[in-house]
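Next come the structures, one after another.
Shared between the two complexes below is chain A, which pairs with chain B and chain C, respectively.
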Partner chain A sequence: MRRSNKRLPWAYSLPALILVGIVIVFPIIYTGYLSLTNMNLYHWFDFEIIGFSNYERALLKLDSGFLSALFTTIIWTAVNMALQVVLAYFIAMALNVDGLRLNRLYKTLLMFPWAMPAYVSILLWRVGMYNTEFGLLNKVLTALGMEKVNFLAENTPAFISCLVLNLWMALPFMIMMIDGALQSIDKSYYESAQLDGAGFLARNIYITIPALRGIIAPAVIMTTFTTFKQFDIIYLLTMQKGALSGATLQTIITYAHQNAFVSNNYGLSSAVSIIIFVLIVVFSLGTNRGLREES
Partner chain B sequence: MVIKMKSSKKIKTKLKLTALNIFLISLSFIGLVPILYALSLSLSGSVGALSADLTFLPEKVTLENYRRIITEEPFFTWLSNSVILSVATMTVAIGFAVVASYAFSRFRFKGRTGVLKLLLVLNAFPQILSMFAIFRLFKTVGMLDSKAGLVIVYAGSMCIFSIWNMKGYFDTIPVEIEEASRIDGAGDFQLLWKIVIPLAMPAVIVTAVMVLIFVWNEYLFATTFMLNEKSYTLAGGLYQLQSNDYGRSWPLFSAASIMVSVPILIIFFCIQKYMVSGLTAGGVKG
Partner chain C sequence: MKKKISLIMCGLLVVGTLFGCGNAAQTGGTEVNNESAQTDGEGTEEVEETKQDASTEQTEIKIWHDGDEAIMKTIADRVNASLAEKKITVSFEKKTGLTDQLQLYGNDAANGPDMYLYAHDSLGTFVEMGILAPIDDMADAGVMGDLLPMTVEAGSYNGEQYLVPVYFETLLFLYNKELWNGDLPTSTEDLYEYMKANTDTAAGTYAVVNQHSTAYNVAPFINGFGGYIIDKDGNPGLNNQETKDAVEYNKKFAALQADGDYNTVTTLFNEKKAAAIIGGPWLISGIKDAGIDLGIKSLSDFVLPNGKALAPYSGVQGVGVMKHAAENKKEAVTEVLKAIAAPEVGIDLANNSNCAPANVKSYEDAGVAGNEMIMAMKETADTAQPMPNIPQMSVMWAPAEGLLAAVNKSGEDINTVAEEFEKQAETAIADMQ
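For the complex of A and B:
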């Protein structure tokens, strides 16, 4: 009974679609409109359409900072994903070694960083780990007789600090996905490989990795998007209102947010938002096609 | 000779397992350090944070910080705001999404796949980037600083996720059950309310809890759209607490973080099993 009724399904989905219309479609259209105007602090009500010059400014002028933010975002996403997948792979492998009795306990303990509210974790790390006075890392350094490090004051250390924190927050999910996938691999492959004399490396390259690829692809793609769109970590660690840490790290999302809520450059911020949206849509259409072909 | 080889192999695996256990114990410990440190600070009164030496266990366990956060900060106001907002959002989002996802799962109508795909694309727009547009809209219609406004924003943000999540579950429920009850004379709405939703309860509950967690953890919209401290949620209040003067309030903040996180941790470990399937069911989201 796949029913075909013309009006009923629309009646059922109308409330939800109206809600989506207000909260998601309207902002996108309005942002698209603003991106063509010169709206800023001085033109709050009397802004006018100025065509595509916001886009020009973002994409063609190097000093607008957008291109360097885009570069940072790409590096951020690539490094994060590479480390995440590799580390999670080895940790999940370790959890699946035969004869390990406590693996359920380890799994539960390792899930804690994922379960914590994200903003709480970030703020705990900001003060509890990285801070120069109260931070545990600096206390350890002092105890070892070394100088204190201001982790968030310069771009490179700040980038690494954000990276470590992101790994801490994101690894549990990836470990769990890979762990689930590892358990779905038929054990008999390994037995026959063992008989053929395949070593640890060969078993990984020829059995585990090919078997995992299809299963964990959706999770990896999803995490890539969340990493690309990551805002909270960089914002809360380095650029809170009135508590700038000194680093000037910008990803494209923080760049758009800064331009709207700090420098009140609404036109430029909107243009950047639309560019980000287009990038994400193109990327997701591409990965959807790739996934379909693989399955 | 054979016996000797066997026992040396046994010793080797034993050694390997011991090394592995040590590795996993230290990994789990490293993962827990930031949380344990906050816990220990929250229990050590107001001096713990300032002491320069490396102490991990509080010298004297006291609940002073927990008392202060409850009495000196509007903790219960924040808590009740969080509860009201998350329950209201959950009701609106799930209420709307459940009927919509049922329609998308059970009916074949013109524009069905188109709308479903469009919803996924729309979901790709980072929520933070629409904040300014919604802010201006709400300012124009006078909905800033109102709970109803925030509920609309939150429900809208979680609506697409909820539709996709529950549609996936509806797809797995055999339609024969509905056919049978239709023959018994059940009307459209009765069918949905009395037959389908009870069957889909596991998916509805998991989705509802994930909406709840989202609202509970949201700080950015909560602090941008709510203009005075009395109307903050727990997340907003905590954010405010640490941005004011964290030197003074850092032990307080750690106590508050523990209190805010415990309910979420409990819920998380209850629904963890179902969460993974839900998160990846809809393909690409974030």
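For the complex of A and C:
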């Protein structure tokens, strides 16, 4: 009877486990297998296991280019996350001001950038905002009598342009999370604090922020990962095939793509993928441990 | 009771989850639908049996492509009409991302194609993968003799012929007759002078626009200067002096050609803010829709300061044969190659879809000879160079365009960045092995 009780949860979970196995675990194992082979264009059907030489080659790619890409990725993630959380916090606070009319309408409108397909948003911004001939920003500049600016041609303006677009696309999610968390805070805390003479700043520091931390932590972690492995914004704005903008911004994912995924060398690409996978797992374990210790 | 029901439901879910991995053809009868066979990826034996039964009456040749359906219909109609008596039927199937599809199904007789029709620059990749058969013994001089030499060269790899060219594309000088002032220049220097006099970047009006940082569009200069992006042995040529001279020469044109992005330059031309554009036949339908009074000139008519004509790349659409089809359906494939190479196919393609035929005899047709764009492309075929079809070319676009963007858009020094991108190209080529 006891043995049956032990097996029962596994039996109930079996369909989900099989699905997870097929969709998530199998591709990882297969990628690991390919990383040990010499599967490439010249050994498409007759590839064989060659040991860890692809890993040696992949690790050799951790050169100055990779370190520079890693540095850019860290800056990109840190700046994005800091701005996202701060801006989303204040926007969510503004949306929760007592007596604000049409607040539901504002919330719905704020969801649009998040609901739009990323590909469409990015191309819309590339042409509609940053383009030298048709972009809104250059229209404004020329109307003011200034010269046109190619925002994506050099690294710093291109980084800022990508950052602004990422904020536009990612802020709605963070606003929604913080907005939901704000509504879960008991109003009586604020009433008591007000009776004790707490001002706006004190209420935020001692009530709102501590109450929000635990609730929005998962959203922040998820967004941090999404931002860390961001590919499409930087690629489509600056590196799209046939439309390179001139900027040479590289994050580790775009660097890996450029160095390993355009060569039809599946063995090498798989080794790079596994290394990135391990890096992200380590990063994830570190973040989770940090959160546990904090709680 | 609830537990039992739950367990049964879980069991059904497991069976349902795994059911998709089953062999669909085993459950069916003898009729096998092509579409389901492609997606199932299984049922090989059943499909082959069905095909063998059918072969006593009718042989079907399946050709995959990633192009315009109307063009394929034109080819299919003509080829099927000419092969009707021989009981051979050709069917075209569009496969988006054809290269990836052929990597998966190229050697699969049941689910893959017998032949494919695609741009020639992927040829080396498919040959090295081992999915293509040489066609020397299927397409003899009678088939290949009337084809433009440039197109035949595009379809050969390592000294063997793999493609029968059908039609080709290349860049042209397209101009708006309403906006162009005076005669068209015959040298690139005169063209530059015209551009300087008729471009106002602040106002957003341009004399000539081009995708100045796209390797394909700068190739006329690079080839004309005697440079190269990659040579036949797979050596990159970005740091080659002639290539650097060409890129530096193109830079002064780029400064007068907006940001060079495809969408930007085509919109500028279609909105009549640019008097001319360097582009291919794929732009024509948009230009016609914009109501532009279009004039066309071959790029070979422009002479560089070194006395040589601009020499654009050409892209040749050709038909190749999968290894399994060359072994199992050789006779039928031979007939199909012969029918596709016929001048009548080229005439139909030219008249219906504005394609420049690979067959020289097609140009004897009055309709084809009177088509300004097609004749301009034929003229360009004399100086045009087929895009390299070696596999290494697939990794050369990124460094070549990186170099162009660095010079034209970021103002970098040509010598510094040429060396940097040459190294990138060498690494990318080494990574293929």
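As a convention for this text, the second predicted complex is superposed on the first by the 210 of 295 C-alpha atoms of A that agree within 3 Å, B and C clash if a C-alpha of one lies under 4 Å from a C-alpha of the other, contacts with A are read in each partner's own complex, and residues count from 1 in each chain.
Operating definition for what follows: a residue touches a chain if its C-beta (ideal position, glycine included) is under 8 Å from a C-beta of that chain, and two chains touch if they have at least 3 such contacts.
Predicted model, so just to flag it, every value in this text is computed and none were measured.
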| item | value |
| --- | --- |
| Partner chain in contact with A:P15 - chain B first, chain C second, else both or neither | both |
| Which of chain B and chain C A:V262 touches, first, second, both or neither | second |
| Which of chain B and chain C A:I28 touches, first, second, both or neither | first |
| Comparing the two partners chain B and chain C, which touches a greater set of residues in chain A | B |
| Which superposed partner A:A153 touches (first chain B, second chain C, both, neither) | second |
| Which superposed partner A:F134 touches (first chain B, second chain C, both, neither) | both |
| Which of chain B and chain C A:L100 touches, first, second, both or neither | first |
| First (chain B), second (chain C), both or neither touched by A:W125 | first |
| First (chain B), second (chain C), both or neither touched by A:I221 | first |
| Partner chain in contact with A:L244 - chain B first, chain C second, else both or neither | second |
| Doubly contacted chain A residues - partners chain C and chain B | 8, 12, 15, 19, 22, 127, 133-134, 142, 241-243, 260 |
| Residue ranges of chain A touching chain C (in the complex, touch as defined) | 8, 11-12, 14-15, 18-19, 22, 40-42, 44-45, 57, 127, 131-134, 142, 147-148, 150, 153-154, 241-248, 258-260, 262-265, 268 |
| Interfacial residue positions of chain C with respect to chain A in the complex | 3, 6-7, 10, 13-14, 17-18, 103, 107, 125, 128-131, 201-202, 204, 211, 213-214, 216, 258-259, 261-264, 267-268, 273, 391, 394-395, 397-398, 401-402, 404-406, 408-410, 427-428, 431-433 |
| Chain B residues touching chain A - in the complex, by the definition given at the top | 13, 16-17, 20-21, 23-25, 27-28, 31-35, 37-38, 41, 49-50, 52-54, 92, 95-97, 99-100, 102-104, 106-110, 112, 115, 119-126, 128-134, 136-137, 152-153, 155-157, 159-160, 163, 175, 178-179, 182, 188, 216-217, 219-220, 224, 235, 238-239, 242-243, 246-247, 250, 253-254, 257, 260-261, 264-265, 268-269, 272, 276, 279-280, 283-286 |
| Residue numbers on chain A that touch chain B, as the complex places them | 1-6, 8-10, 12-13, 15-17, 19-20, 22-28, 30-31, 34, 91, 94-95, 97, 99-100, 102, 106, 108-121, 123-129, 133-134, 136, 139-140, 142-143, 168, 172, 176-177, 180, 218-219, 221-222, 225-226, 229, 231-232, 240-243, 253, 256-257, 260-261, 266, 269-270, 273, 276-277, 280-281, 284, 287-288, 291 |
